[in-house]
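Two complexes come next, and they have one chain in common, chain A, joined by chain B in the first and chain C in the second.
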Partner chain A sequence: MKNETIITIKNLVKRYPEGDTEFTALQDINLEFCRGEFAGVVGPSGSGKTTLLNIIGSLDSPTAGSVHVLGHEIGSLSHRESAALRNKDIGFIFQVYNLLPVYTVFENVEFALMLQKIKASERKKAVMQALEWVGLADKHKKKVTKLSGGEGQRVAIARAMVKRPALVIADEPTANLDAANAHAILKMMKKLNTELNTTFLFSTHDEKVMTYLDRIIHLEDGKLIKDDIQSPKEYSL
Partner chain B sequence: MIAFLLKGILRDRNRSLLPIIIVAIGVMLTVMLTGYIKGILGDVVRQSARFETGHMKVVTQAYFDNMAQLPNDLALDEVAALSQNLSEHYPDVDWVQRIKFGGLIDVLDDQGNSRGQGPVAGLSFELYSGAGSEPKRLELSNSLVEGVLPQASNEILMSYKFADKLDLALGDEVSYLGSTMNESMAFSIFKIVGFIRFGVPQMDEGTIICDVEDAKVILDMDDASSEILGFLPKDRYDKKRSYEIADQFNVSYQETDDEFKPIMLPLAEQGELKSLIASAENMSFIMMAIFLFAMSIVLWNTGLLAGLRRYKEFGIRLALGESKGHIYRSFTLEAVMVGIIGTVIGTLIGVSFIWYLQVYGLDISGMMEQVESSLMLPTRLTAQVTPELFFIGFIPGLFAMVLGNMLSGIGIYKRETASLFKELEA
Partner chain C sequence: MKLAIQLAYRNLMGAGLKTWLNVGILAFTFLLIVFYNGFMDGWNAQAMRDSVAYEFGEGHYYHKDYDPKDPFSIKDGHGIIQVDNLTNVVPILIRQGSVYPDGRMMPVLLKGIPAKQSILDLPTSYLQSDEETIPAIIGKRFAKASRIQEGDDVTIRWRDQNGSFDAVTIHIAKVFDCDVPTVDAGQIWLPLYPFRSLTGLDYQSSMFVINKEFDREQYPDWNYKSQEELLKPLKMVVDSKKAGGSIMYVLLLGIALLAIFDTQVLSIFRRQKEIGTYVSLGMTRSQVVKLFTVEGAMYSIMAVIAAIIVGVPLFYLISQSGITIPQSSQTTSLSISEVVYPKFTLSLIATMILLVVLAATMVSYLPSRKIAKMDPVQALKGKIQ
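On to the complex of A and B.
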């Protein structure tokens, strides 16, 4: 299953209207990602990293070309079908954690499962397991506003992983963390990637992240510059 | 999901506090004003029925046409037979004869000279026989400021303000001058045995009350009466029933053109009451419409602000796989919950206030002295707690909140998913 292709991008173009003209955010991108990859998209601001991840995550649609994610053609999905795809198969991790501030750690993680209409007893079991993965089971009753930055990001990881998605999209996940927390988070994600065979796609500037990646895709001005397969340099799980 | 949303509402004051306060205030005002109007209307109807209109009133057509002049020359004749007929056809109704008359009261000094005079409005009904229902209906014992109720012929009660103006004391005798039913001069000496205060300006200014049999003798109204009033069981006004009885009665006389034919007027068709009752019945609806509109506008704006503030949250929820439709429905469901909470709070406060007014009332006697009206306006207004007060607030409270949020929530659909998602980057 490791080499099963789960994302296929062919001749992807994305343009946005800009006044009377159009701004090209992505141009002629061709890529494939396999199940279990730990890959990252890097490039300067405005290079198209977030746009690419948004399209893969079915939050946006291509202007031209095709993007197949887990057997779904992103451009032809309805809003409801896109939501269903994200709900079931895609997890998101953000730079600023984006937790729901009025809820507890448990409730934030549980919400993703509530949308799948999973029974309360099963939700509880799954949520506690996800919190075990990130080492926060003992803090499940805490309000997320009372957590440190590193803990907040670990809750976000638990929320993304609790539904056991095939794909996790992580947009600058370490940008707001100190070095120690960043390494801890990355090790955790790498461990989950290995144990659960989940594909991780990062968007990053962070050198620390790059050292953990198996594959780095370089974008510049919306164009694919380089697609490097590399051996991760330093980490111990 | 409902429990999850409820937790969010209770924990996030920005999401709940302001809308709940707005809904509660709007509902409270709706409930208070509705209860207050019901109370005012109930008081006016009760007072008018007791003193003036009954629940139905039988007079001659000619008397009705000149009612303001108290024209006893046009009064009902052969009232014993008419009363019996009414009692046989409508045995559940209490039919009572009342004679109203005008005239002059003259007070003599020790030398027999006039020391004071004043116009008087006389009201007579079955008073000292002890069998009649009128003293109880008019709450005479409670209205007695000083003295006792008449026990014998030619004893009268006088309104305390009138007595004060003429400097009269209990036991004083006064002369009455007026005209009989046959338009000859009526004269009698009355002995004042009690002073009364009804708290109704028209009744407290210049009124004397005597027994109907005394009035018949003085005014030559043997077997005649100005009016026959009908009171429904337990003295409870029932608009529908009063119309039914009046219509039935009037049908039996519709063939005759005799100006002395009896006609029956239901309470709601008498004087200013007709328009008052009609406007009061519409008042609740008008108030609800006003509050519904005003609250919807305010809550729409509140919802818009809340929606803008929550676009980031919507972005997170979209990323987690929630559909726009589901977010919109949960946003609306939250509005239902907030609406219910606000409505319950507003209803409780509003009903408590109305209950307080119902029990303790509001003294407006100072204001009523300035008011000129043919209506029997009470000087102590009370509100009325009715079953509808417990649910009337749900219409503006719930509807306005849900409508406001539904309108503001449309923004969720208007924005592109990626745009909502971009809020996360802010």
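On to the complex of A and C.
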């Protein structure tokens, strides 16, 4: 299953209107990702990293070309279908965590499962397990506003992982963390990647993140510059 | 819907003070609207009940030349009632006159009514007397205005059918307590038969009041006005007062709804990252719109619950003890008792609940529609202006 292709991008172009003209955010991108990959898209600001991940995550749609994610053609999905894809198969981790501020840790993680209409008892079990993965089971009743940055991002990871998605998209997940927390978070994600065979796609320009990645895709001005497969490293997971 | 309710409840509870402020304002408005309407309904019911009991009966027959709104018609507006059975009617003879309490002169309406009538609640039994002095009854308003007390003897004067002045001393046998000003203010009630003799108008009446048993056939010289027609002006006055008063609670409701609308509009911009997160977690846009609408509607439901908790015991107490009306309000020409018992009916409460919930839902839905047009990527970045 490790070599099963779950994302296929062909001739992807993304343009945004900019006044009377158009700005090309992505140009002629061709990529494939397999199940269980721990890959990152790197490049300077404005290179198109986030745009690429947003399209893969079905939050945005391509202007031209095709993007297939887990058998779904992103460009042809309706709002409802893309919402269902995100709900079941894609987890998101954001730079600023994007936790729901009025909810507790438990409620934040539980949210995606509520959308899937899973029974309360099953939800509780799954949420507690996800919180165990990130080491926050003892803080499940705390309001997320009372957590530190590192803890907040761990809640975000638990929220992304609780539904056991095939794909996790992490947009600059360590940008707001100090070095120690960033390493802890990355090790946690690598561990989940190994144990659950979940594909992780990062967008980053953080050197720390790059050292953990198996594959680095370089973007510049919306163009694919380099696609590097890195040799596996030894981590104390 | 269950999910939207669960999440909306969590969001509102999580928002803390902001939620309770909105709920508090809306609950206060709701209570005020129910109270005001209950008060007006209670007043209306009391006014109608008293008007029927003291003045209207089941309807009036006026002599064709008598118009209650035209004082010039009193002189010639009288005739003989051609009815077989007088037990179902109360004939009343009306004349203009003056009263002289302590040497002062006050214009009055002199009304002759049978002492033994039982259709109206006026205490006409006090008009029966074996003594030489003619007994009379007056209402509390007139007693206060004229400073005449029970037991006083006062002189009244009138013109007889030939236009000659005549006068007699009457004895105030009773000052009655009645909340219908139109049988009280400026009026002296006298026993019909002696009054007819005094005025030289034997067998004559200006009008007669009927009861339910009265057979309402056509009487050529008499104009019929049903109870409903007679109550119409009173209803109109109460309705117009209700409408006037409703401006206050429409304003209050407007402020409360504006607070919700404002909260919702601000929420959509302030919570755009949250909306983007909802979408990224797999909510459809219509689910997010529904969530925000339910949140707004839930304010009103929570307000209704809060209002019921406070309002039920409070309104029960008020409806039992009544509301004392200041003396100044009782001197108006409207029928209003010293104590008004508000009437809080289920239909009134249900209508108000529906009004508040529907209005709150509507003002929540309107701004929430914008969410459907939101770009989730821009929302996640918090860049929507």
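Assume the second predicted complex is superposed on the first by the 234 of 237 C-alpha atoms of A that agree within 3 Å, B and C clash if a C-alpha of one lies under 4 Å from a C-alpha of the other, contacts with A are read in each partner's own complex, and residues count from 1 in each chain.
To be clear about the criterion, a residue touches a chain if its C-beta (ideal position, glycine included) is under 8 Å from a C-beta of that chain, and two chains touch if they have at least 3 such contacts.
Everything quoted here is computed from the prediction, not taken from an experiment.
Looking at the shared chain after the overlay, A:Ala64 reaches neither chain B nor chain C.
Touch criterion met: A:Leu115 reaches chain B and chain C at once. Using the contact criterion defined above for the overlaid structures, shared-chain residue A:Ile225 touches neither chain B nor chain C, since it reaches no partner. After overlaying the two complexes on the shared chain, residue contacts for A:Lys88 are found with chain B and with chain C alike.
With both structures placed on the common chain, the touch criterion links A:Ala179 to neither chain B nor chain C. On chain A, the patch touched by chain B and the patch touched by chain C overlap at residues 54, 57, 59-60, 79-80, 83-88, 92, 94, 96, 98-100, 102-103, 107, 111-112, 114-116, 159. Interface residues of chain C, counted against chain A in their complex, comprise 3, 6-7, 10-11, 13-15, 273-274, 276-277, 279-287, 376-377, 380.
Across the complex, chain B is touched by residues 50, 54, 57, 59-60, 79-80, 82-88, 90, 92, 94-96, 98-100, 102-103, 107, 111-112, 114-116, 159 of chain A. Contacts from chain A toward chain C in the complex involve residues 54, 57, 59-60, 79-80, 83-88, 92, 94, 96, 98-103, 107, 111-112, 114-117, 159. Across the complex, chain B meets chain A through its residues 1, 4, 7-8, 11-12, 15, 312-313, 315-326, 416-418, 421, 424-425.
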